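Dropping the structures in below, format is structure tokens.
In the two complexes that follow, subunit A is the common piece, with subunit B as its partner first and subunit C second.
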Partner chain A sequence: MAHDTPVVTRSAEQQKYYRANTKAYMQRQVTNFAIMIFLTLIAFAAVMADFSKNLILPLILLLAGIQVVLQLYAFMHMEEKDAHEIGVVTMFMWTGAFFAFMMFLAFVTVIWW
Partner chain B sequence: MSSRTQKKGFGATIWDYLTTVDHKKIAVLYLLGGTLFFVIAGFEALLMRIQLMYPENTFVSAGFFNELLTMHGTTMLFLAAMPLLFAFMNMIVPLQIGARDVAFPFLNSLGFWLFLFGGLFLHLSFFMGGAPDAGWTSYASLSLYSPGHGIDFYVLGLQVSGAGTLISGINFLVTIINMRAPGMTFMRMPLFTWTTFVTSSLILFGFPPLTAALILLLFDRMFGAQFFNHLMGGNTIIWEHLFWIFGHPEVYILILPAFGLFSEIIPTFSRKRLFGYSSMVFATILIGFLGFMVWAHHMFTVGLGPTANAIFAVATMAIAVPTGMKVFNWLLTVWGGSIKVTTPMLYALGFIPSFVAGGVTGIMQATAPLDYQLHDSYFIVAHFHYVIVGGIVLGILGSTHFYWPLFFNRMLNETLGKITFWVFFIGFHMTFFLQHFLGLMGMPRRVFTYMPNQGWDTFNFISTIGAFLMTAGVILLVINVIITTVKGEPAGNDPWEDGRTLEWAIPQPIPFYNFRQTPLVRGLDPYWIEKQDGNKEGMLYAEPLGDIHMPNNSIVPFVMTLGLFIASFGALYSPLGVADDSRVWAIPVLVIGLAITFGSMIYRSLKDDHGYYLTVAEIEEIEEQLYGKKGGNK
Partner chain C sequence: MDTLKKYTPETWPAHAEQVTLEGKNKFVGFWLFLACEIVLFASLFATYLALKNKGPAGMEFSTQELYELPLAFAMTMILLTSSLTSVYAMYHMKNYNFKGVQLWMGITVLLGFSFLCLEIYEFNHYVSLGFTFGSSAFASAFYTLVGTHGFHVTVGLVWITALILRNAKRGLNLYNAPKYFVASLYWHFIDVVWVFIFTVVYLMGVVG
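Take a look at the complex of A and B:
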């Protein structure tokens, strides 16, 4: 039956492998988290330092973009290459992001400029 | 469990359809609902054409004409064409990919009821103080100041039915990604499944802008917000952008499934595999993708500036390339085939030149400088009716003939079908071909009457006669359906004898679990392959006969939607609204309606419903009742 959860017994060797994997995974998560905090700090610092508006706005938008990608890949599990139908998910995410960006661009250039 | 297949009483049948989660029954519901609205919207079109038959006619008033044209457009697109295409998607896609149902049967049912109640709500406007009258595009400055409740009906009705469409779109995406039978790779999927997939992604990306735009309009009209009011710092152009960011993909949402349907019909009756299958897939995806890059070509005359107009003009013309690929692929499929001109094939052959005519005028309008001349004239009306009627409606009517035996195990009468085609086809060209010239002569669209002796009189008269012919065609189809329902003989499986894809391999009547064993797919056109190999069963199996997991029926989707329907009346008469006739009961009704909806959502979330298992013994009993002998799959 497809809905039964199979019981998996691991050998000591496998257990070691999984532990190492989990550890590496945890390290990646913490690193990503640190990067994101750091990027947020830069954004705040740029505002605090009272740079020109023409620098702050693009900088913050750029940092926000990086944050979104990090968030998706690190915490929303898009980096897991062997996840179920991850190719389709990635394609949809990026196509949607592209459409959203195009609309944003059009609104900025055509309506609000 | 044999009760499941026994004859039921009237009440039990109604209850069965209210609670059903079976994709085949929901397809029938979509077919009925879509036809209802198709007839209503067609009748509205007929009234408009009668009004325009003579100059200075007074058949309907100017205000009622505005309501008719708004409701005709809105209903045809949202409540007739889309549900009818959803009917085919629901019926055929799970069968084509070898699935027992869609991924989320509950959501499938919810999507249908949302569409139906949204549509009914919209149409109640005729009896409750006037229908929406700002055109199907409902441009904001006009719609903001429209008196009465018409626009409120438009906003709330479309919001409810739009939610249903979005739900159905996501459902089909998940179904096609996850529920294909073993061996059914993406590049072996029949083209109708492919176009459904791309259409569903367009729904996924296209409907949220509409939802956002409708919410903004709702706030403007009901709570005195000023998003589109330029006097208060809003921007009326934002509505146009949001609407067309949705609206242009919407027309591809409609035409792509029609392309898919024709891509099933043409190879079947040319008795040849589809020419250039992979380029067809590529073209479908490309059309879907480009569909999001071109929305401003509806707004060339708004004054976006030459740069923006040029970009959108070029992007629009680019769409002709993948569309041309498709047209040539159809022609080359027919070329050298052993052609059988059945009714569906007749529709397909009529579709190709009609649609190309509509496409060519589309390229003319894509040329921004020329569009300044054509904008808001009857040329535009002629163009989009050539695309919509020549593409989508011919697709729907042809597929009605083609897939009727799959839906109801009966064949529609072929002779009557061919007569229907010719009456409808001639009527269609008669109505809309001359409208190109009316447009070039300067007749503006959306006018309720015109002065005599401007050279428009004869063409308008002929156009109206064409509309009568189209009506006669639809009536003939209805007669055909009635005759078939009363006198039809069971059609059996593969009634066209040249079925290529899995849906034709299933024995008729189709058991509610579709496939007793999941099929194994060995290539494109799996049924054709098995027929060529002399496989009498029509398919190979990927699994031994075992218990089948099926979802339980549920009334919750109906109740959930009923709550939204009730809440809509509360919102309509809200005390802050533009129309100055709020009711005391508005807020309580709104709260009660939303309470019903959220209550049923909570109930659905808290109650575990794992479905049930159909045992092998039950399957054999059901098949014995259906096909009269034990075990066999025919």
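Take a look at the complex of A and C:
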């Protein structure tokens, strides 16, 4: 558990800058959240409005895709390039996504009743 | 330096969750776990899609007749909001505001709990209609997929509640910062899975 970390003290100016940064960060996240809510509303509205199936299916799947990317990259910070071993993390997540797609493909094309 | 050392807002590191070796390991290890969770849920989603509206018995229940969009919509909004509240907790963690972290994590737990209550109500309602786990291949696939997600929510609730209680008197330090961070990652992941559930199960189910 013992692990040496240098303690860096921010000056009053630096602290002010730091707080401004975290505040801007939170405002960005609230914007991301508003976008997610908006995408969800469109998806539900499209289904309620009873458009043609060929229009709704690609639309709601696309909206879900955008929303998941927002969650992963904005809320979960996969965009932070200096995070610890983020390359390994990204590779694992994309491999997981690849397996997910293959499984989906296999199950809907091979299994029939 | 020991990890229980007290900090001030001026000395608190910007990425407190990744300062210690333990924090770094937790960060990577937890992401690897989440990647495996993708595969778990992918298999359940694929099974559901393959067996959706398939019998051999219980054919009187179909996705179009069973699902109610208002309930799914309410659950979606609650879980999405709980994802934002855990971001608020992480924001307060960056500013070394422990009370803020505890408060917003607490709100996240409350929202998660109301989500779980709605899901229990939903399952209970379906069972009272006669749509049980053994009714059809579709029923089993549905309950397994949505139930596994519900189980993850339950685990998350117990986990975050334990974190809040366990650290109540401890304050924020480099020992528990990674714990809170990883719990919030888990909570976002639950939301990621739910995005696909409300799209693939409920919306696509109503469309047919």
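Simple rule for what comes next: the second predicted complex is superposed on the first by the 102 of 113 C-alpha atoms of A that agree within 3 Å, B and C clash if a C-alpha of one lies under 4 Å from a C-alpha of the other, contacts with A are read in each partner's own complex, and residues count from 1 in each chain.
Everything that follows uses one rule, which is that a contact is a pair of C-beta atoms (placed from the backbone, for glycine too) under 8 Å apart; a residue touches a chain by one contact, two chains touch by 3 or more.
Just so we're clear, the structure is a prediction, and the values are computed from it rather than from any experiment.
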First (subunit B), second (subunit C), both or neither touched by A:Ile111: both
First, second, both or neither for A:Val47, with subunit B first and subunit C second: second
Partner chain in contact with A:Ala83 - subunit B first, subunit C second, else both or neither: second
Subunit B versus subunit C as contact partner of A:Met93, first or second or both or neither: second
Per-residue touch tally on subunit A - higher for subunit B or for subunit C: C
Which of subunit B and subunit C A:Gln15 touches, first, second, both or neither: second
First, second, both or neither for A:Ile35, with subunit B first and subunit C second: neither
Contacts of A:Leu57 with subunit B and subunit C, given as first, second, both or neither: second
Doubly contacted residues of subunit A, that is, touched by subunit B and again by subunit C: 1-3, 85, 88, 92, 95-96, 99, 103, 106-107, 111
Parts of subunit B lying in touch with subunit A, wherever the complex brings them together: 177-178, 201, 204-205, 209, 235, 237-238, 241, 245, 289, 292-293, 296, 304-305, 308, 547, 549
In the complex, subunit A residues that touch subunit B: 1-3, 85, 88, 92, 95-96, 99, 102-103, 106-107, 109-111
Complex interface listing, subunit C residues touching subunit A: 1-3, 9-11, 13-15, 18-22, 24, 27-28, 31-32, 34-39, 41-43, 45-47, 49-51, 54-55, 69, 73, 76-77, 80, 83-84, 87-88, 91, 94-95, 137, 174-175, 185, 188-189, 191-192, 195-196, 198-200, 203-204, 206-208
Subunit C partner contacts - residues on subunit A that touch it in the complex: 1-5, 7-10, 15, 18-19, 22, 25-26, 29-30, 33, 36-37, 40, 43-44, 47-48, 53, 56-57, 60-61, 63-64, 67-68, 71-72, 75-76, 83-85, 88-89, 92-93, 95-97, 99-101, 103-104, 106-108, 111, 113
